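Down below are the structures I want you to see.
Each of the next two complexes has chain A plus one more chain, namely chain B in the first and chain C in the second.
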Partner chain A sequence: MSLLDALARMEAVACGRARPVATVRHRHLAEHPLVLVPLTTAGENGAPLGVMLGTEPSAPTILTVAQPRDRDLRFAFLGRLAEAVLPHLESCQDEVELVERKETDPESGKRVTVETELCTDAPQLLVPTGPGVDFVRLLGRSTRFRRTAEEDPESEHPAPPRLPLLGRWLSHYGERARVPGSSLLLSMTGLLTRHWATGQSQLEDQHLGALLAWLAPPEGATGAEAALRAELGRDGRGRLLVPPAGPATDPAFDNELLAPALTRYDRGVPGAEEEVHELVATQLRPTWEAMWEGAGMLRTLPEAEHVPDRWRRDRQSYTHHRDRLRAAEPPQPRKDDAVTAARKLAMREQRQAELEAQEALDDPLVMAVRRLAGEAFFAEVLEVEMAYSQGKRPSPRPLVTVHTQDAPLLTDGDKLHRRLPEGGQQRAELVEMAGPGELVLRLVNGMGRAKEPAPGTVPRKGDLVCWTLFEHAPRGGPGLPEPEETPWTHGGPPGERSAERPDPVTSEDVL
Partner chain B sequence: MTTLVEQPGTAASPAQAAAAATEAILAAAVDGAHRGVVVNSPPGAGKSTLVVRAARELAAAGHPLMVIAQTNAQVDDLVDRLATADAELPVGRLHSSEPKPYDPALERHPSVRASATPADLAGLDVVVSTAAKWAWVGGEERWRHAIVDEAYQMRSDALLAVAGLFERALFVGDPGQLDPFSQVGAEQWAGQAHDPSASAVSTLLAHNPQLPRYRLPVSWRLPHSAAGLVSEAFYPYTPFRSGTGPGDRRLVFGAPEQGSPWDAVLDEAADAGWGLLELPAARTPRTDPEAVAAVARLVHRMLEREGRTHGERDGDGGGTALGPERIAVGTAHRDQAAAVRAALAEYAEAGSDGRAARVTVDTANRLQGREFDVTVVLHPLSGRPDATEFHLETGRLCVLASRHRHACVVVCRAGVAELLDDHPATEPVQLGPASWAPDGWEAHQAVLSHLAEHRVPLA
Partner chain C sequence: MTPSLPKQTPPSGAPEPSGASGTSSGPGASGPAAQGAPPAPAPAGASPRRLAELRGGPDVPHKHLDARALAALAANPGCRRRALLDGAGVDKSAVAQALGSPAPFGQSQFALVRGNAFEARVKADGGEVLLALLCEQVGEARPEPAQVVVPDLTADGPAGRVERTRLALAEVPEGRWALLDHPWLSLRVAGSTAYLEPDALAVHPDGSLSIIEIKSFPILDGAADTVKAGAAARQSAVYALALENQPRAVRESALLVCPKDFSNLPAAGLLPLRKQIAATRRQLRRLTRLEEIAAELPDGLHFAPTQEPEELAAAVESVPATYAPECLSTCELAFHCRQRARDAGSVVALGRSVRGELGGLATVPDVLAAASGDPDSAASRDPAAALLRRAAALRAEALEDAAARGRAREASETGAVRDAEVG
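Up next is the complex of A and B:
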């Protein structure tokens, strides 16, 4: 936890309300996100109990399973889920813009410019918590290899027609959620804790109800009191006033209300199915409302400057997946091969570095965190002395003496970066630490090609400039071999990639 | 868990045991039956010497080879050693196109050619560079041989990027040092053979379990007082011993002690090889001002007392003066190192000669592979309210506790043993990943209980 985060938490305790840790919204928030609140059966992770979903707060769809352990009912439920979710996931496929992209021509090996499609928007999925994101991934993993009756006519338990497709989409969204700064699939607790700090621990912040209690405590109550009530308060029938945001349910609810209702359903008592449906709905509704309340709070923050850049990558990711589906490629494999895993990790590390830099550039509060950590500093320009590089064509290399009251962790020769007023960035080297807080920097680029620096690219005496020790647009690493060229140290090339077999049916699959 | 190749003569003298191990390794590397050979080396066991020798023997046998190290400092050091060992050997230093890409000191070797373009170095017997630079080199021509140095610090994905450049390789590394890491989560691949965030050796051995593994059995750096503890606490699977016996190395201070705890802990460390200066228990910020001041004062006092070291390198005379360039301070975090540096600079300004400011102060990550006579360590868990995975990491403590030739003084708040008891490891256990390091919690307890015997409280 950074120093400012710790301070914000202490201030939250002192004043009884959550405190902001960001001044702008650092994640994309769609105008009409698909909110998905899933619940699962205790002790049986892959058996959904019900889900509430929709893009309008006033018009949720509620789907439930009357007996979650019954596999026929489960697949019927998943089939309905696919019909409810897929129209939304597929809604942005056809509105495209044409963009230019460089790629290597496979025949000549040259870099050529090609025009490709990029979807102008992408559907966003919001779930309540981190485990909700995991649950989306799990649903994807458990359904993308299923075979429909059309694909496998002999199957005793064919999957509903569109279910494998849902599995592939959810797998894609689940995998994309691992990329730092991506916004296709986000959890509400993750979104809220990115922008506000509460007076409770990070673990307690995973409870959406308690988190919202700190963000908007009711009249006359402190955040701590409201959070305690959200965690523990129960009504006359022993139900939690604020049920868990899932996918796990409250054990007391399971034991005392759900289990008897399921037993009545198993016995064939008339009306039991409706009873289960209504019970599960009571657990879903408060979270549904909390999701929209949280979304509303996030909308009060203006969008950060770099969010559209990152959202463009999400749109690219969405478009690529669409293209893979249209090309009838097999589902995503169970395990990544060595090259794919290394590529994913390299990409995510680059995105992480980029996200950290962009958040700091977009938000003075985040930059303050970096300044306190010695990774950035504000400095006043004391003096500018013109100098030139040696060589045939001397280029400007002005020496800038600055004074800072921050405490950057610097050593001679370190590279520094700043944003130019006109956009773009400039690099400098630390030449000398001249005195306490006094630094001499040499500007090394961003001044145009002429002998004299372009106007506005060299700071003037008295300017206050923010320098960072981190790059603003970190470069990617070197290329990796193609999977079919995997070296012997990594097990050699993987075998022919083909559609994976569906999970084998075991005795446990047939109750 | 490791099936090490049996080595002859482990009961012989340290020098004989080390020589026998080296011969066996060189034989396997030059014309063994396997594509890869893995060598585990404890701290200061002559890893660089082995790499230099292997490179020279391969070159002499007519096999040009590439050498892959992890940092530019390691590459410069290797090139310097190679050129010093054999002034005739044509060595290429492949470097980046950044400004000041390599140590200008290499230019004193006429046999070393430095370039940012691989084509300029074609035909040289040995070409050395970092894994990051090699990864940019196109793979039209393959090297028959390669040496991968610091292979345990190399990430699996870095090896993937360069492994296409060579046919067979000698992998040398220290399994006890800091594991490579990733800033982003890599749990989804944990336990898989090619987890890109694991060490290169893990992946290599997971895919090629038949490869022979050797170890260097003798640490020439660590004194007799340290080898036992470091071997037991950090290298339970690949034990080693010290090259020197008890009393072979001595540290003597010129100025007499004045009854202060600083002097007491320095004398204890000079005498026993270890010292623990214990501050009263407290929960502190990371840059604990009292602990930082204690470290600085200890270093200052050490210089003031004019120590001399006696050992196999110092001849029979009066020993060698313990100057600031032979002392290091190790910390867990960069801001701690910065705070210690600032405190030492104050001593240097107040004093006459400014020697305190010339002491090396750095984090464990940056002290890896370096060697000093005396080290002062700010304990990673000192003053902390919790024991996180970062602070418990075995490699971090191992690096800090194994940089010294004579003595190591640890500065720490009281109560770390209780802290450890309160924080058993809570990280989820991943199935499958192989580990060469013992549990960090256990290693910390072993070191602490040993240090307790050399404790001097600072009231």
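Up next is the complex of A and C:
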């Protein structure tokens, strides 16, 4: 945790409510996100208990499983889930814009410009917590290899028709959520903690109810008091006042209420199915409301400048997946081959560096963290002296003397970056430390091709300029080989990809 | 519940405590402490009598340390409160309940049922499945089921079961496989005996031992949850430490058996233990010895949950705690300690990592005073104060900047509305 974030937490402790750690919204928030609140059955991997979903706070759909261990009921539930979620996930497939993209021509090896489709929007999925994101990934993994009756007529337990498709979409969203700065699938706790600091630890912030208690404590209560009530408060029947945001349920709820209801269902008691449904719904509703409350808070922040750029990448990712589905490619493999895995990692590292730079540029409060760390500084221009490079065609290399009150960690020759008023960026080098806080910089690019610098590209005396030690658009490392050229050290070429087999069925899954 | 005292302890002249559970209660303790003299820090650890006193008398049930508690204790070795209460066998969850901050721990019966069903399934057929998984992982030939020794480990009381396990391990003939189902091990920790019950132990034909841990979280596509696998490794490391006082060598990797993917079929993997053993050993040695902590407590002080809440709170307060938010998931008293830490304004309540750049400033008011640059405050003279003042200034500047931009935006929006109305 940075010192500034720690300070914000202490301010929150002192004033009894959350304090901002961002002044703009750093993630895309769709006008109508699909909010998904899942619950699972304890002890079983990926056995859903119920879900509440919808794009409007007033119109949720509640789906539940009356007996989570019954395979047929589970499939019926997942089939209904697919019918509820897929229309949203497929809603942006057909509205496209044409964009130009550089591509290497496979025959000539030249870079050519091709026109491709890009969906103008992409559906967004919001879940309550980090484990909720994992659960989306797990649901995708557990359903994408299933076979429908059409694919495998012999199967004793065929999957509902659109379930494997849902699995592939959820797998894609789950995988995309690992990319720093992506916004296709986000957790509410992640979103809120990015923008506000509470007076509790990061660990406690994972509890959505406690987090919201700090953000909007009720009249007359401090955040800490409200959060404690959200964590531990129980009603007369021993139920938590604020049930966990899932996907795990409260063990006391399982033992005292759910287990007897399931037993009644197993015995065939009339009305037991509705009872289970209503019980699960009581655990879902508070989280559902919390989700929309959180979304409303996020909307009070203006969107950061670079968010549309990053959202464009999410749209690209969505469009690519649409294309793979349309090309009838097999489902995502269980494990990536070596080159794909290395590419994904390299891409995520690059996105992380980019995200850090963009958030700092968009938000003075994030830039303050970098300034305190000596990775950026504000400086006033004291003097500008024109100079030229030594070469056949001398180019402008003005020397700019600046004064800063920040404490950047610099040595001679270090590269510095700044944003130009007209957009674009400019690089400079540190020539010398002239005195305490006084630096002489040499501008090295961003001034046009002419002998005289383009107007507005050289700061003037008295200007206040923010310089960073980090690049604004960091580049990734060198390219990686094609999968068929995987070196033997990494297992060699993966060979022909065969369709993966579905997971085996075990007798114990059936009640 | 059974007391931790081994039956062999020579009886002393002191009156015997009436055991809570007749069959296995051992008599009280060694001489001096029992005579009411100040407890001498004996190398053998705190006397069982002293520990019983701390629990609130011989009638208060003794809660044994288990491997999970030991692993959690090793994760926060500086906490004297936890070391003492766990070591003395105090039922912390009853204490937390009495203090009004009950621990929200519990296990869902669904998880319990499923976990037990899985373990029973894996251990069915005399452990054939388990040994097959083990052989597959370590690359040894599978034994014929008839060739595997499966000793009976039933015995009375923890000490008896530990002894029975020891004998069973010694009796395995050379060159044979053996599988011990739920053996009992003992380990002396900070002057108290902990009894441990691994899921299973396997004896290889070469005479070495493998620890087997059966867990109910899945191995999905060959990978398990790192946090849960890490906890299983720490737990196994505790077993490995407990196995050090017997002649057989313990293999450096434990076998982790979990459900495969979404099924109830077993999948296995090897858990390397070397680092975990070294780390756990070091942490357990760092635990302040119980008798040292106990010696600092006034006579007559005890932790029986039945006493008046104020007295109990005072008793708990007399042993210093080292609270960190990580405690919330492992210690029953964590919510009580958290409240105390918050009341005291401790910065660690916000996370251990917060402390890093705060120098000697340990409370929130001190940090805020130092950050505000209040010259009258002692906190402002802390070496960390300059950095804090700078951080506070940067934060205020950025917030002011953002507020100004917000006002500008609002103004332009209302301006646009006015223009629209005019137009």
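By definition in this document, the second predicted complex is superposed on the first by the 505 of 511 C-alpha atoms of A that agree within 3 Å, B and C clash if a C-alpha of one lies under 4 Å from a C-alpha of the other, contacts with A are read in each partner's own complex, and residues count from 1 in each chain.
In the analysis below, a residue touches a chain if its C-beta (ideal position, glycine included) is under 8 Å from a C-beta of that chain, and two chains touch if they have at least 3 such contacts.
Treat the numbers as computed from the prediction; the structure is a model and nothing was measured.
When the two structures are aligned on the shared chain, A:Asp70 is found in touch with neither chain B nor chain C.
In the superposed model, A:Arg178 lies in contact with chain B only, and not with chain C. Judged by the touch definition given at the top, the superposed model places A:Gln202 against chain C, while chain B stays out of reach.
Applying the stated contact rule after C-alpha superposition, one finds that A:Lys335 touches each of chain B and chain C. Of the two partner chains, chain C is the only one touched by A:Met367; chain B is not. After superposition on the shared chain, chain A has more residues touched by C, the comparison being chain B against chain C.
In the superposed model, A:Glu293 lies in contact with neither chain B nor chain C. Contacts of A:Ala346 after superposition: chain B is touched, whereas chain C is not reached. Applying the stated contact rule after C-alpha superposition, one finds that A:Gly46 touches chain C and leaves chain B untouched. Residues common to the contacts of chain A with chain B and with chain C across the two structures: 335. Contact residues of chain A toward chain B in the complex are 178, 180, 335-339, 341-342, 344-346, 348-349, 351-353, 373-374, 409, 413, 429, 477-481, 485-492. Interface residues of chain A, counted against chain C in their complex, comprise 1, 3-4, 6-11, 13-14, 20, 23-24, 41-46, 138, 141-142, 199-204, 224, 231-232, 249-252, 254-255, 259, 302, 334-335, 363-365, 367-368, 371-372, 503-506, 508-509.
Residues of chain C touching chain A in their complex: 101-102, 104-115, 117, 121, 216-218, 220-222, 259, 261-265, 325-326, 328-329, 335, 342, 345, 347, 349-351, 353-354, 356-358, 364-365, 367-368, 371, 387-388, 390-392, 394-395, 397-399, 401-402, 405-406, 409.
Of all residues in chain B, only 35-36, 99-100, 132, 135-136, 139, 156-157, 159-161, 163-164, 169, 182-186, 188-189, 192-197, 200, 203-204, 207-208, 334-335, 338 touch chain A in the complex they form.
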